[in-house]
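These notes concern the structure reproduced below.
As written, the chains take the letters A, B, C, D, E, F, G, H, I, J, K and L, and residue 1 is the first residue of each chain.
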Amino acid sequence: MKILLLDGPNLNLLGTREPEIYGTDTLADCVRDAAAAAASHGYEFEHRQSNHEGEIIEAIHAARGTADAIVINPGAFTHSSYAIADALAAYDGVKVELHLSNPSAREEWRRLSVVAPVVTGTIAGFGRAGYRMAVDAAVGRLA
Amino acid sequence: MKILLLDGPNLNLLGTREPEIYGTDTLADCVRDAAAAAASHGYEFEHRQSNHEGEIIEAIHAARGTADAIVINPGAFTHSSYAIADALAAYDGVKVELHLSNPSAREEWRRLSVVAPVVTGTIAGFGRAGYRMAVDAAVGRLA
Amino acid sequence: MKILLLDGPNLNLLGTREPEIYGTDTLADCVRDAAAAAASHGYEFEHRQSNHEGEIIEAIHAARGTADAIVINPGAFTHSSYAIADALAAYDGVKVELHLSNPSAREEWRRLSVVAPVVTGTIAGFGRAGYRMAVDAAVGRLA
Amino acid sequence: MKILLLDGPNLNLLGTREPEIYGTDTLADCVRDAAAAAASHGYEFEHRQSNHEGEIIEAIHAARGTADAIVINPGAFTHSSYAIADALAAYDGVKVELHLSNPSAREEWRRLSVVAPVVTGTIAGFGRAGYRMAVDAAVGRLA
Amino acid sequence: MKILLLDGPNLNLLGTREPEIYGTDTLADCVRDAAAAAASHGYEFEHRQSNHEGEIIEAIHAARGTADAIVINPGAFTHSSYAIADALAAYDGVKVELHLSNPSAREEWRRLSVVAPVVTGTIAGFGRAGYRMAVDAAVGRLA
Amino acid sequence: MKILLLDGPNLNLLGTREPEIYGTDTLADCVRDAAAAAASHGYEFEHRQSNHEGEIIEAIHAARGTADAIVINPGAFTHSSYAIADALAAYDGVKVELHLSNPSAREEWRRLSVVAPVVTGTIAGFGRAGYRMAVDAAVGRLA
Amino acid sequence: MKILLLDGPNLNLLGTREPEIYGTDTLADCVRDAAAAAASHGYEFEHRQSNHEGEIIEAIHAARGTADAIVINPGAFTHSSYAIADALAAYDGVKVELHLSNPSAREEWRRLSVVAPVVTGTIAGFGRAGYRMAVDAAVGRLA
Amino acid sequence: MKILLLDGPNLNLLGTREPEIYGTDTLADCVRDAAAAAASHGYEFEHRQSNHEGEIIEAIHAARGTADAIVINPGAFTHSSYAIADALAAYDGVKVELHLSNPSAREEWRRLSVVAPVVTGTIAGFGRAGYRMAVDAAVGRLA
Amino acid sequence: MKILLLDGPNLNLLGTREPEIYGTDTLADCVRDAAAAAASHGYEFEHRQSNHEGEIIEAIHAARGTADAIVINPGAFTHSSYAIADALAAYDGVKVELHLSNPSAREEWRRLSVVAPVVTGTIAGFGRAGYRMAVDAAVGRLA
Amino acid sequence: MKILLLDGPNLNLLGTREPEIYGTDTLADCVRDAAAAAASHGYEFEHRQSNHEGEIIEAIHAARGTADAIVINPGAFTHSSYAIADALAAYDGVKVELHLSNPSAREEWRRLSVVAPVVTGTIAGFGRAGYRMAVDAAVGRLA
Amino acid sequence: MKILLLDGPNLNLLGTREPEIYGTDTLADCVRDAAAAAASHGYEFEHRQSNHEGEIIEAIHAARGTADAIVINPGAFTHSSYAIADALAAYDGVKVELHLSNPSAREEWRRLSVVAPVVTGTIAGFGRAGYRMAVDAAVGRLA
Amino acid sequence: MKILLLDGPNLNLLGTREPEIYGTDTLADCVRDAAAAAASHGYEFEHRQSNHEGEIIEAIHAARGTADAIVINPGAFTHSSYAIADALAAYDGVKVELHLSNPSAREEWRRLSVVAPVVTGTIAGFGRAGYRMAVDAAVGRLA
């Protein structure tokens, strides 16, 4: 039983990029929380961060049959990548869309997610805590 | 220390209304989970469901200075009530927007929330489990 | 066997409000016609007028299991109340949307009804006569 | 005293075309009901079905001075024919727009009628029963 | 040398239809003026009115090689008939679009003409006088 | 002779809600100014604040025949309540729309008022002083 | 077993109309290719060209039960005829939409087809060769 | 009895500016034709060209009570000057909108005229000849 | 201490232009009222009316450091002049936007003001009385 | 002489992904058909599938001067990749856009292709058979 | 050989107007830099600033045949003046559009320039330095 | 002190791709100019061209703390890559957006840049010379 955590473009900068929006926790901090949450439920855990849309698509493909759930923070691909949305649509497990900040409180174009129609659920606005929540939520749906 | 849970129009029908979308858990089930979550964190808990926009606005007003966080499932008011959004904007505590189903996977008009720009964060698509998650998330932000 | 007739905001003014658009018949006249039509088919009849969206929602809730059909003239809520639309969607009986005047012949914003997608059918533009027609139509679908 | 019933494109297929939407009653069934309704009120009755926009326009022209009311189910011309709308605008009698199904519950483009602004009233969603209702409604306005 | 005058749907009603917009001159009056204008320039003249889009298309086809100019009042087809626009685009002679009233002073949808991009020029708003003006204008371009 | 002052949702919070936008004057301060202005002109004065759309509609109904003018600050209902607009349209007296802040200087959705087309005039952006100005303006139109 | 080929408005001009867009092959050339393709598969073949929307609708009706597939080049009706789209929706056989040129490379309004949502598939941009391809494609789906 | 001819911005360049669109006739040529046409009808004639919106507005004001008709080629002000439209609305005489080229055959933004709703009629696409036609048309309406 | 009153295009016609919309009071009447109001508060007063956007911009520039407040009725420039909006944004005093009639009750394009986002407040719909109100309001903000 | 076949994101899943839309044929099946078609015409054949936009762009670059035609199924990049469109625009050979399903019969956003304006032609909706058709079509244009 | 520098509305305020956006350099500073740049290339130099659209149009006209290049900072006219765009289109020399700040980083309406489609190139966001850059760029294109 | 020059998709084709739009200078020519400009200012220089959005994002990340300015020609990513925009927003140095041609003079979709709101400034339309200008501009801002 495995949870795959996927982080999209620019999230490797977390903690140093626009801290007034994204906070000072690093991606490593977030991943550590998510991994701990998975472990606490007895799940294996894998993490990938990529700035390449194609790599994210292929990580989703690879999860078919190997991971029970995907937690994905698609970063700016949230708003434009129909290809990631198609990949998620082809994945049958639980899918949780995750955002650190509340996109609706920012620029107009961040209010619509092309990924949202194909996921199980969405968690947004809880910063680093969202990573642990998303893993818990995924496990809850698998239980 | 108190959490206020607010449920909007038609949520009193939960469990009997369109169960293929909303599931068979009743609102009482959801509220029991939320109350338990609040208690487990040592928080008082209060619940209101109303089909009246004005009552929801006034419950938010009453929470000013009496509750530390609001968890709100605004139902269909999500998409039209600027007055609830204004009330939430005037509330300084933690505000969690909650939806049972994933609005983006349904009709086009459900994709935009007029409430989202003024809340702390959003949780959508996890059904009954979302109620416990939302209380936990609110407490997490208060901690 | 029962028909519920619901009238929305401002319809209590009928006969005195903008008679060049709505005519001089009063709501009492319309309700009397609808009640007579229901009686002629052997149906019980109940009428509610409210300027409160929440009361209309709750009247629809109460009709679940107690009324076989709802005839509703939502007034200006026609164009904005997703909450009434959700309530109607959760009602399994026959649902007839009724308008006194022809909304399409008036302001642009009156051309779209958010309620229309969830009703059985619509009758518009026949003034007072529409009330009797709507009851007849509802009965026809129940027969 | 005469009622003219006009049916637009594809309605000749009624009963065989997409029965899950339009039902299994044929156009002949509908016309028979409408004719009977007209007769019951002492009105003459004429029926035309055409898949040609021009023929429908000319039938409306011919009704000027010869028919007291037109009941028209414009089919798909509802959404595009400004020429039929202009012809109806030039007709001074009672004009009832009729639809078998509820257009608002179907594709987005069926929600707007270019004909609606120039008719007396609209009846939609009552299937075969709508034909009789429309004739009754027209007579009611003429009485 | 020949001028073809084409009139679209509902123009046969001219003089009796909505005289507050279109005036009391009949189409026969207009055609007589246009014919006289053509004769005064030594041009043959032919007139067709049709409520059938297909007949107008075919009249334009027939004008290829037989008429030096087309004056066309497309009526409500102005706003929707890409097929007439395509037919006119395939005609190499002078093409004058003619309207009795000023479409921009009426409904919003009358402000855009799908025919306008393929004609030589447009004359609108001069009532019956426009017919003579349009013939003169066509001749002027041919001179 | 009477002036009715109506305040919509959230205005009861005035002075404590987002003071950087709305200032620190309370609603009581504003109402006292308005009442004094009415008195100075020899008018009776009545005030209602409500967070319920239905109560505002009914207060407008009650003003028919009992108040000579309505001053209304509809709050967030300004942008969505067609029902309040319909109620105001059915009221024949002077109607003044009032806003504390300048809506155009804020979010995009605050730029359009659905109430504006049916009022006599609008006053916006003058804070507490607007209440007195609006009463004076109403009296001016009644004089 | 039969294939019906339908050509819409202005296609009778092929070879002489705007040859820089549509080429110099005539419709007769195209039809000969399509007929030969049908024959090579052992299918009967019928061809209709019409500038009348109504005739195209009726040809589609007539194909119900008599032709196994329709290949249709709707010309400019592609962009406006919901009535042809409804007729095609009511036809259960294979339906191939065909265009000589690539509509997307031309005017903006040619980018959207109202017919496309109800056909089996589309072939566009291959000129005369498209006719043979469309027949082959239809046969392929029937095989 | 007087005709006022007004030419807007850039028309002083006529004959030298983009001759492939506007031709090689100069504004002096056009004005000479218009003046001759006015004289032939026994009308006085005045001409103004200005690149200043304010001067055009004031020329329209000055025409109130002194000129029987205005012929105006507003140039690019056609598409943006609500102030010129308001000035024309306040002028009670005959108003002819004139364009040298056919705006609909050019950029998208040239298809809509803010002036068109307030003029008597429009003539477009006939180049230099339009000036004479416009004067004739104005006189025709005055006769 | 000085108030500058600016009137935009066509306002010089006041009293004679479309009196059913703008009334029969002249601009001189309005200015006299405004001047009296300024005097009553002990303020100097200056008035400019111009049909030239550039002159209005320069009058606003000149007011920097010389006038304490600007009352501006921008006429039709309200809806299009970003340059006037920029000039007002660069002026630090009190700025009152004034309209004689209620723009929202007229054409659709009059509902949005490009000037509104940069002014202190707006007064609309009170005719001649608005001039005095606007001066009083400006003084009130300066006090 | 060579044909290059390019398949975009998620097409490697073909046969296992959403078979109700895409069928059970695998990409290997499709490629085998395309290769056979190329061979039958005496053409070399090369195939690339990639989930990386950049790799598809570079494959198109590499085809300049080495392949006579490109057949491309861009998957979800169809709707968003202006960069692939620019790459195709810079390729002078024959370009065929290919889709397995009929995009117009699915979500709204699938109706517009940013690639379509720069290709020679499009084939959509014929499933696996489309691969052979597209190669044949490309060869047909090269012949 | 000459360079004409044109500055539009409100730029005369440079250095005093909203310095947080536009900086504290004055227009005289900018012009001095531009003049020096022109001189360094051996070009004559002329400067005009105007708040009047008509004067800018006429300065562009005057540049035809007398100046080799125009550098223009159109200020707020950038977003609305089709007349300036037409004047620039009629000028055959090099045309450089210049902005002090980056319009895309400000209000939404500043993102589109109606002038941009007719200029040679654009320089935006470099403050005072842009003036020298624009002259250099113009000279570079003339070399 | 270092300048990083980034070129996006298809720019490797420069000089061979659509030379009527992009000219015959190669990317190597442009880079040589930029390098020389950097050297003349005493700056180090690095160049990357990539057709992969992810590589461009990572090059921007790598520039944090190592390069003082980025000059970026994002090619077609200009119009769609919110991920590159986010990466640039997270970079604190000077950022210059560069385009060879004038995007506004081409297709409609090239008029809006999603990158523009986060850069320091933009240079567009000066071809190869833009590379040198952009480096000079970046250095100017750093000085």
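Observations, loosely collected:
One rule holds for everything that comes next: a contact is a pair of C-beta atoms (placed from the backbone, for glycine too) under 8 Å apart; a residue touches a chain by one contact, two chains touch by 3 or more.
Everything numeric here is computed off the predicted structure, so don't read it as measured data.
Common partners of subunit G and subunit L, by the touch rule above, are J.
Fewest steps needed to get from subunit E to subunit K, stepping only to touching chains, is 2. Taking shared numbers over all numbers used, the subunit E to subunit H interface scores over half, which places it in the same class.
The distance from the centre of subunit F to the centre of subunit I, with each centre set as the mean of the Cα atoms, comes to 23 Å. The mean-CA centres of subunit E and subunit G are about 31 angstrom from one another, to the nearest whole unit. Rounded to whole angstrom units, the spacing between the C-alpha centres of subunit J and subunit K is 46.
Multi-chain contact residues of subunit C, defined as those touching 2 or more other chains: 52-55, 80.
Touching pairs of chains, sorted by label, consist of A-B, A-J, A-L, B-C, B-F, C-D, C-F, D-E, D-G, E-G, E-H, F-I, G-J, H-I, H-K, I-K, J-L, K-L.
The touching residues of subunit I, counted against subunit H in their complex, run 8-10, 12-13, 16-18, 50-55, 75-77, 79-80, 109. The part of subunit A that touches subunit B in the complex is made up of residues 102, 104-105, 111-113, 116-126, 129-130, 133, 136-137, 140-141. Per the touch definition, subunit L reaches subunit A in the complex via residues 52-55, 57-58, 61, 64, 80-83, 85-87, 89-90, 114.
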